[in-house]
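Written below as structure tokens is the structure these notes are about.
Read from first to last, the chains carry the letters A, B, C, D and E; within each, the first residue is number 1.
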Amino acid sequence: MKKLLLGVVLLIALVFAMPLVLSDFGINLATEIYIMAIFAMSLGLIMGYGGMVSLGHAGFFGIGAYTVAVIGQHVANTYLLLLLSVVISGLIALVTGAVFIRTSKFYFLMITLAFGQLLYVLFWQLKPWTGGADGMSVSAVMNFGFGEIVSPNALYYVMGIAFVMSYFLLYLFVGSPAGKITRGVMENEARMSALGYNVRVYKLLVYTLSGSLAGLAGALYAYFNVFVSPDLSSWMFSGQVMVMVIIGGVGTLLGPALGASVFVYLQNFMSTYTERWPMIMGGLLVALVLAGKGGLIHWLQHGRHFLVFRKQTGKAVSQQPVKKGEAVH
Amino acid sequence: MSLLKVENISKSFKTLQVLRNVSLEVGPGERHVIIGPNGAGKTTLFHCITNILPIDAGAVYLDGKEISKLPAHRLVHLGISRTFQKNNLFGDLTVEENIHLALAAKKPYRYDIFSPLTVRSDIRKETNDILEQWEIADRRHVKVKHLSYGEQRLLEVLLAMASNPKVLLLDEPTSGMSPAETAQTAAMIQKLPRSIALVVVEHDMDVVFSIADRITVLHHGEVILSGSPDEIRNNEMVKKIYFGGGAKQHA
Amino acid sequence: MSAISAQLLTGVAYGMLYFMIAAGLTIILGVMNVVNLAHGTLFMLGAYIAFTFINEELNFWIALFLAVFLTAIFGLFLEKWLIKHVYGKELEQVLLTFGLSFIIADAVEWIWGTEMHTLPVPDLLSGSLSIGDTAFPVYRLFVVFIGCLLALLLWYLETKTRIGAIIRAGVDDRAMVSALGINVGLVFTGVFAFGAALAGLSGVLGGPLIGMYTGMDSEILVTSLIVVVIGGLGSWKGSFIGAIAIGVIETLGKVWFPSLSMLTVFLIMMIVLIIRPQGLFGREVA
Amino acid sequence: MLELQDVHSYYGTSYILQGVSFSVPQGKCVALLGRNGAGKTTTIHTIVGLHKAKQGSIRFKDQPIESLPPHQISRLGIGFVPQGRRIFPSLTVKENLTMPARKRKQEGRGHWGLERIYELFPVLKERENNFGTQLSGGQQQMLAIGRALMTNPEFLLMDEPSEGLAPVIIDQVGEIIVQLKEAGLSILIVEQNISLACKAADVILIMNKGKIVWSGSPDELMVNEDVQHKYLGVSA
Amino acid sequence: QSSTSSGSGSDDKGGGSGGSVKIGFILSQTGTFAPLSEGIVNGFQLYLEQHNGMLGGKKVEMKVEDDEANPQVALRKYRQLVHGEKVDILVGPISSAVAYALRDEVEKDKKVLIDANAAGDDLSWSKKSDYVYRVSFSNWQNGSSTAKYLAEQVGKKAVILAPDYPAGKEVLRAFKAAFEAAGGKVLKEIYPKLNTNDFAPYLQEASAEKPDFIYAFFTGSDGIRFITQYKEFGLKGKIPLTGPLEFGDELLTQPTGEAAEGIIAGINYSPYLDNEQNKQFVEAYKEKYGKLPNIFAVQGYDSAAAIDQAINKAGSLNSQDLIKILKGISLDSPRGKITIDPATHNPIQNFYISKNVLKDGAIVPQILETVENVKMPEASPF
């Protein structure tokens, strides 16, 4: 518990310190990174703790974003809109998840791909409500009762706080009985069932949780970007988050967030420096795999353990590999 | 009244009939051993009792209540627990975490999504008790896939016992164990409180005869004999189809 | 020929094109269990290589041969240098092959530019047969023929050689296979190269129908993934039947439910997976 | 035939084999006994090349094999029955047998083919189109033995072949081992079933904590209750 | 495309000549739109090269960003360019969806956006902005230009096809209105999905209506497949194929070759257009890039020309000054003279009814008739 508090305090300090060193655009980018980090953590949850790799997660992101865009035309209350986004995406995750979790592994990947595509087409074809392929502007303005939040800095703090809160909630979940059990289901579903667990409940629980968190990310994004279009639910976007999660480190909470920041940063700046950015990006991904430590977060852990080991010379170095997901929290 | 009652169950895989009208009764606290040649249907019988495989005909009762249609996970809560013939563990988790998972299944807080599992003192204590009782406390942080085969076998049994069942089904608990561990395991099984009824499949005759109150012989999916250890030991037919020469020392 | 049977024929031919496109993936993903997101780029590469040779005035068939050969070699090195390290690690496969597809697609753009191209239909196969009052392109019939040939080839490899069994076993337990005296590494390399060659082949043969343009790789990839999944992993028979079913349903759907056409294949996949979570002919997990 | 000299082996940092040396003469059967976790499987894996020794030499037919890849080691004529069967789930029983099949240099009396395996374990023929994992545990063990024989080895490594077998079948396995020896095979067998080991083997080795701590003939072992008790945990 | 700095302009951005100007491009450099973006950048750079790397007397620094044809990415790039790089003027985008997304932002930030391609009608109507000026053409122009000619010269009954996305719908809507106004009748409208691999069923459906001609709008890979399959399924030569300018542009006629022969298209540019400005342009373009320019190259070229003239005349980089000039600006484009209509911010330009003919193995548009000064209505007629 103490470790957790320390971590959260550190994160909050980080969030508050960043604007001191960042340019206007840097703040803007950091704001977007927080949102993507929430999104990536939501996918990281089902991938790393539930063993479900989804290629349709952007569907939930889109639901959240369109909820704010469409319903926001009639309802101004930010609390209500955020709540609606979370509830609607959670409900859809619950209903579709009940069907999808019957499939496993690659089939799950593909059925979620179809799901994402379904939403994509839906947003595209419901032109009267969603503006169709041309997208729509978001008229709702964020307001938590302390005045409108429109300035880049204000948005930055809101998203930063949202990120820390999401992390905190996920941290609790992962350590909770339900979280540990989900992890067990991922490892060995049949045995969990024989040990007396209703495995479908846990899979559905984590899928729903993840879906609603993705919806929240989408809703925040709508406020931030003030424009939504079907691309928010495209499989390409789903694929990108998946890459964020993997490069960051599957099976950890902060890994996906780290992956999101690196990915968004690279995506944004690489094309500025070279026309051949896809090649460089591809090269980086390949190099990451060949370096073979898993995600970036494991590099950090490695570095940290190296330091720790140095300090406690004399103590026997545990031969156990770092337990995934524990050391980073 | 019997605790576990298997009534005329049958099971086929496509055209292959694996169980034919198998009936079995296990009283409270009874040690019931099932033997039979390889492929007789022993493991399949366990799968049918725990509804991992659906049965074609017949019924299974626990405490007089039919349980044959209940999903596998419900049975644990009613008091049936089992091990698998082939180790079926959480290889990437540590020994301790494996035991945590087994223990938490019956805890009221198993759906809790906020408070950490590890702060629950009951689960910590029970885990420690198990680890110490079986002298594997030093292995608690080892990933299960790094355990030797025999060590994994032991853990397999421990997981099943963790739910504190009324009926415990053990499928070849000592296979792959060295004589030392086998003896230890057999002793442990003998020492289990009589509040637990046991149904054990076993090929090691030392173990069979050291624990059995009653033995049922399965052959080609049929119960050909059920009786006291002595009856079985001296049955010519069982000698022929099952013991072979290897049973000489027991006969 | 009635309108409906014309549509059916079109659908079958189109399905065969699907099967051809997915054949390489059927092997690499279906049998070898490698999530190969670079399948589309291998397809693309085959088409562009052939394009270069044809521009050099080479005969279509020679260009075809060279393109297939070169993609096979490419696949071979890909496996030996990269893929080899990620067997059994799905997520790393995703990252690796995704990165590769970025690199290859960008290289293609670099070398051949962003303009669109098509491959010419070889003279021998240009023109169309009139069946009733509709004309049917000879080249499509040729694709149907090749599709059948591929299916036969896969059937042969699967049932008449041990390769299929070695690969499946290698996926189950690679170390055990090698301990039985089989050079799994070599077999995997060869089979991967073969899968790449099939991707290249379908690129060349698909070139005249689909065209060549930047971004084609991801379209081809998604199509192929869907075919393989509907059929069920590891079953070329499934891919074959799945592909034709998609071809026919999609073709008829274009006429009957035009507004759904953006979704047809996805809906088919979803429905198949809801009814059969392991695809039409997928092996049930034991 | 096979000779290990001072083999040391690790998993990560844990030191498992701590200088193992022994040899298996041509046409003989050697049994390796020991408690769980003693390092028996590690020894076997080191021989077949699935695990690389850090130090030490392994020679087979006077040829060093410690740096060869597993498939080459196997092709020198080493058959392998792994612990836990390791049947291929995606293959049918028949495919499990035919996939690794190799011809013997001179096909002859000792040649193992599908028919002969089916003769030995008739139940495998009945189940030949089932997938490997649809067999019962014991049947899988038979399949694993059959599979190793299909490579027509000159040397057979068996890691607990009797595990999960009914007593009659264990007898049968004992007889097979004797037959195989007669046909000229050399065998290294890891066993927990001491009576089987004593029946089949010419030499018994006992391993404890990664070292060979005792060796002798079966008869010597049977009378040495002290060793039995100390290293095998057999209570008198 | 990375930043290409031409010359080492000083940083002062005062009015008058001297100083430098930073121009941000938001284009779609990856995916199907890549060749369009390449054309625009090429055209722009050619203009710069011909003018010593200066526009309006200022050294130009180009920042080109890839929006992946995705409005979300485009908005991020926009922020980077405007807030990070602090560019003075924006040129872009390819996709109309991106243009609509950017439109609100430039309005907010008061940045001038030269629309070098996005053809969405509403940019001239309901979503017109004081800060957005189009030098390319609109879907309405593209769709309506040929309708009268076709009704009078080819036939009164048509089946029309376009991909199921906004541009497709807008082009067909404009065509249909103009065609019916000229006495024609649309027998059937067909909207295949975007990225259709197989047009066979649609072709069968269309020919079953026995129309006098088929009017189709397809771009990119869809265009290639449509044209080649039109021939494959034996419709070429049986039912005339017509379409808007894409069907007469190099980008499609080059890869489809002989299959594109005979198509009647309403183009606004061709490298074979006979005017002095164009001859020089084509010559220079060929020399620099080794290939013929297409309409997109011209759009890039004209974007540069528009900026050049606007800065010159305004004498400053101030948006308010620039937009005064941009409204009603006239350019001597390789396509002929164009004038930005102050009412729609869309160029008034000539269209040419042309027929693709095969000449020395290449497709060349043969001009049948000129439709002069095609001008968008001031408000949406729909």
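In this text, contacts are C-beta pairs under 8 Å (C-beta built on N, C-alpha and C of every residue); 3 or more make two chains touch, one makes a residue touch a chain.
What you see is a predicted model; the values in this text were computed from it and never measured.
Enquirer: Minimal path length between chain B and chain C through chains that touch?
Expert: The fewest steps needed to get from chain B to chain C is 2.
Enquirer: Which chains make contact with chain A and with chain E at once?
Expert: C
Enquirer: Starting from the mean Cα coordinates of chain B and chain D, work out the distance between those two points in Å.
Expert: Comparing mean C-alpha positions, chain D is 28 Å from chain B.
Enquirer: Using mean C-alpha positions as chain centres, tell me how far chain A is from chain D in Å, no decimals.
Expert: Here the centre of chain D sits 50 Å away from the centre of chain A.
Enquirer: How many angstrom lie between the CA centroids of chain C and chain D, rounded to a whole number?
Expert: Computed value for the inter-centroid distance: 43 Å.
Enquirer: If you average the CA atoms of chain D and of chain E, how many Å lie between those two points?
Expert: 75
Enquirer: Can you pull out the residues of chain D that are in contact with at least two other chains?
Expert: Those would be 134.
Enquirer: Multi-chain contacts only, two chains or more: what residues does chain C have there?
Expert: Only 259, 262 qualify.
Enquirer: Check each residue of chain A and list the ones that touch at least two other chains.
Expert: Residues 236, 278 of chain A each touch two or more of the other chains.
Enquirer: Where on chain B does chain D make contact in their complex?
Expert: On the chain B side, the touching residues are 13, 35-44, 85-87, 146-151, 153, 172, 175-184, 203, 205, 241-247, 249.
Enquirer: Which positions of chain C touch chain E when the two form their complex?
Expert: Those in contact with chain E are residues 3, 6-7, 10, 14, 17, 109, 113-118, 120-121, 128, 130, 134-137, 139-140, 208-211, 213-216, 219, 250-252, 254-255, 258-259, 261-262.
Enquirer: What does chain E use to touch chain A in their complex?
Expert: It is residues 1-3, 29-30, 63, 65-66, 68, 70-73, 75-77, 79-80, 83-84, 96-97, 100-101, 104, 120, 122, 165-166 of chain E that touch chain A.
Enquirer: Can you tell me which positions in chain B touch chain A when the two form their complex?
Expert: For chain B paired with chain A, touching residues are 50, 52, 71-77, 81-82, 84, 88-94, 97, 100-102, 104-107, 109-120, 141-143, 159, 163.
Enquirer: List the residues on chain A that touch chain E in their complex, please.
Expert: My answer: residues 23-26, 28-29, 32, 132-135, 137, 225-227, 229, 231-232, 234, 236-237, 267-268, 271-275, 277-278.
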